[in-house]
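One chain, chain A, appears in both complexes that follow, with chain B as partner in the first and chain C in the second.
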Partner chain A sequence: MKLSSTKVFLLVLALALGCKQQEDKNSGPKKMAVIISTLNNPWFVFLGERAAAKAQELGYEAKIFDSQNNTALEADHFDNVIVSGFDAVLFNPTDADGSVVNVKKAKEAGIPVFCMDREINSLNAATSQILSDSYSGSIAVGAYFAQQLNKKGNYVELLGLVGDNNTWARSNGFHSVVDNYPELKMVAQQNADFDRNKALEVMESIIQSNPNIQGVFCGNDAMAMGAYQALVGAGIADSVKVFGFDGADDVVSAIQEGKITATGMQFPNVMAERAAIFADEYIRGKRDFAQKIPVAVELVTAENVENYAAYGE
Partner chain B sequence: MKFLKDFLWVLVVLIVGYFSIEIRPLNELKNEVETFDHVTYAQNYVNEELPTVYTDAIPLPELVQRLQSDKQGAFEEWSNAIAVGNIGYFLIQFTASVEDKSDDEYLLAISDELIVRLQTEFIYGNAIRDASGLIDNKEFQNTSDLNAIAAEVNKMIRNTVIPPFKEKAKVGDTLQVIGAMEVNKKFPPTNQFKVLPVQIKFQ
Partner chain C sequence: MIATATKDRLIKLQPLIALFVMCLAISILSDKFLTVNNGWNILRQISVNICISVGMTLVILTRGIDLSVGSILAFAGAVGAGLLKFGIDVPSENVNIGFTLLGAIIAAIVVGGALGWFNGFAITRFKAPAFVVTLAMLTMARGFTMLYTEGFPINGLGDHFGFIGTGWFLGVPFPVWITAVVVLLAVFLTNKTPLGRYIYAIGGNENAALLSGINTKRVKMIVYTLSGITAAIGGLMVTSRLDSAQPNAGLSYELDAIAAVVIGGTSLSGGKGSIWGTVLGAVIIGVLNNGLVLLNVSPFWQQVVKGAVILLAVIMDKTNKE
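Then we have the complex of A and B:
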């Protein structure tokens, strides 16, 4: 077989470019990808920015990807991360089930994935999952709820997204306490998808059929603010205690003003930093990680709110 | 002849199919998958393992002093917690007299300055599970198993320690208590320490 000089030239050029690319990957700074479920929510923006900042502090290049709550877009980001030669992924999943395939794809490509805040339903895909201890946090909120209502009265529960694990961890933790008090009666339980406007609408409708309520437990702070707005509209805000979960800025202020009774403060900063530190340790050779690391949630009430700012800052 | 052959084939397919498929309720399958027995684990923890570290429980007055003089050291040396963050749990012991009681707690005085709020109603959370440091997170892949252990441990205390105590305790009694205490590293309490009981003895 005889090769023309043009073909030989192209072959040599391709090999040279290939070697150069490989050299660039090995010699340049290592890179961490930060893939976030949505950057439309300030809580997740904070999580992503903190993860990227910690990665940079540890000497890595960091790039944030926005999945826009879309697992297909999330899959594109993972493909991009794999071909671009990232060394680790700090990951806030879009869907507990739907995101598993993306994490497995990265694992097969030899890229470790560290989940932040939201978990995936797999015990062998991610290297480690650093998650808010929502269940225990809701137990603390539930115990305070029962104390504040003197273990009796009618209450409403607003759930988050029914497909999200945090929704049920929070609901189950709360019920593991309040269900021990038979005089606490749940008169309505509806999902409002972690959304303030939807919570307002759902709560307005619930108040129509159940005006005699003493408490509202909400799976996040946005819904707590929506529920409070509905109670104000109905003129019963002063007699109903509202409880949230997250530690968002407006709810911390609302607790100070006596509008919201309590919330469970999460610490996105701790989760983001821990994920970046774990990724750095993995890249340096460590392999022994606990599959799930819970991050403590703290109860914030009128008695201790002066110690807290938004997102545990 | 052909009919008989076809019939035999259909029969074979039906027999093989019948023995290849098993239809069972999903709940039954779920119970088989969830093999972790949190009740037995919690019973073993409370009855067998926890008593082995009672002698390591920190005297509460010593802990209070150390939290004031060397908070970091107190946490590093004596606290345990499975979750990362500001919360630490301490296994503590003290002798105190009953000063007052309500539906939810007993007020105990170790000294004039050192008052304990012994919880008898709201016994929830991770304090009793974590304070001993005997349970290692790496043994568990599911956080739900750890949550179930905490719930069962608390239930055991509510059912076995609290009823006989409440039946007998009265103002003026002197008690020897081993308990678990939650402390926030950033904001440690200075008085009125809230303690969950593990063991209560009358003196």
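Then we have the complex of A and C:
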């Protein structure tokens, strides 16, 4: 297939016209960009879709960008967003430090950025940060954990991704409570990458070396489901209490059925909608926003589960 | 002559010796390792990897590579789960086509085979490098999975479907049976059929194979199709085990499969290697994964150890050849 010079010319022309059209769009409806750390995880898909839906409800065009957990790709998205004249960014950062420079770039271009769920380590880059309070949430889970196990026994902790902020915020919050009880003994601590299958396999192996356990704390709900399946396979699900974090739909129903003991319910819809509303207010002229707005993580147990649905909806 | 024959045999036994040494070391350090339960555990856990690695071995024997297996696994698993649970809606006719368990399984395998066939087609028809074509498929099939599942897992697939991944048959986990059948078929294919000889011939010297009348394009298409099918079987097993088709299932499984093939002594430059070697490679990886967790080794160190084992295997392979 040879490209003739005419074809090349037409192609260039078409591209140029395409770009022209994009610029003209500036006079049309205002646009919000939703830049999400990864769409490879249902929780973030939900966050992104809720943010885009709320923006549309408020009369904006909304477009979702997937950073695929890659801060460099995220930087490209910001470049594109600035060039194509978006009016605001609803942002879920890939990295607390690495994303700062991207947010500053948008700020310099006069585009406000509203962080959702995850924070960035800067107080003067984003217009506002609406954050899930993972640390306090896992303290609540930890306290309930200690109570349910009568402050003694052997337990296992499944970590998420060992390089991820949230992994350690949840683990540290949990341990800040549980480590006060010397009779609560952590017999194994392994990572399962927030992944259900990995959690199942890791838990199966852990059960082999530690059959005598009373509790499992998991850094998210997918791992809690995987760990529960391993316990069922080993026939000890009835005597081991499993704790998760997120508030995913299958865990909410598992709590109702008594399979999982508790989870920390996050509210992605609250964070997403508030970010969209803030952006709308900014575009209408409001300028004073609180830099950090924590959204509480609530403890969901068998006693209060009827008040909740997936992701707090 | 006798000396070289003995040496050859020793080289072939190398992975087996490595496995034995590893098992010995772990069982000294942990009394939980050498138990019947743990044995079944390891076999069940490596079933998926062995299945994918068998397809990968065939591809690598022809001097190819298939990076798309993890994504094909996820897509086939999602299609199987989706068809079983929701069927296909035809809005224009206002009907829903339901799928039986067998129908959904066959559909998943057909989807995997079709994507694999497309890999083979693009590689042979356009003479494109397998690395690039299957890399493109890795991305595309993951995208198809996201589109099909809309980014959310498909849960609650029922006990019948669950049997594939969690059931027992004659005292052996059912996924182990499936994998055993796949392995035996592949061993038969490579050792006893003309197609098997062609696969080795193409990997040894593709031009010579072509000149001697082998339809190299057709053989390659078959090999990539088979790799897609084994990935789909793996996808059904993962989905069934979790009772859930996860959109991010199978991430980086291609690397585990390549590692199993290489540790098992199959040469990345094609023509040399065996299915049994790959099975051994997968067992070594499985034992390592299991052992490191049993010994509660820190997650940071686990990655270093796994990488080092792969490196060691390749270095041993290289020095043997010299």
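Note that in this section the second predicted complex is superposed on the first by the 286 of 313 C-alpha atoms of A that agree within 3 Å, B and C clash if a C-alpha of one lies under 4 Å from a C-alpha of the other, contacts with A are read in each partner's own complex, and residues count from 1 in each chain.
Rule of thumb we're sticking to: a residue touches a chain if its C-beta (ideal position, glycine included) is under 8 Å from a C-beta of that chain, and two chains touch if they have at least 3 such contacts.
Since we're looking at a predicted model, the values are computed, not measured.
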Which of chain B and chain C A:G98 touches, first, second, both or neither: neither
Which of chain B and chain C A:S176 touches, first, second, both or neither: first
Which of chain B and chain C A:G85 touches, first, second, both or neither: neither
Partner chain(s) touched by A:V202 [first = chain B, second = chain C, both, neither]: second
Chain B versus chain C as contact partner of A:G233, first or second or both or neither: second
Partner chain in contact with A:D133 - chain B first, chain C second, else both or neither: first
First (chain B), second (chain C), both or neither touched by A:I293: first
First (chain B), second (chain C), both or neither touched by A:N304: first
Residues of chain A at both interfaces, chain B in one complex, chain C in the other: none
Of chain C, residues touching chain A in the complex: 30, 32-33, 35, 37-38, 41, 44-45, 146, 150-153, 155-156, 166, 238, 241-244, 246-249, 251, 289-290, 293-296, 299-300
Touching residues (chain side chain A, partner chain B) in the complex: 123, 131, 133, 135-136, 139-140, 142-143, 146-147, 173, 176-177, 267, 270, 274, 288, 290-296, 298, 304, 307
Of all residues in chain B, those that touch chain A in their complex: 81-87, 104, 122, 124-126, 137-138, 140-144, 146-147, 150-151, 184, 186-187
Residue ranges of chain A in contact with chain C within the complex: 39-42, 45-46, 159, 162, 187-191, 195-197, 200-202, 204-206, 208-209, 222, 225-226, 229, 233-234, 249-250
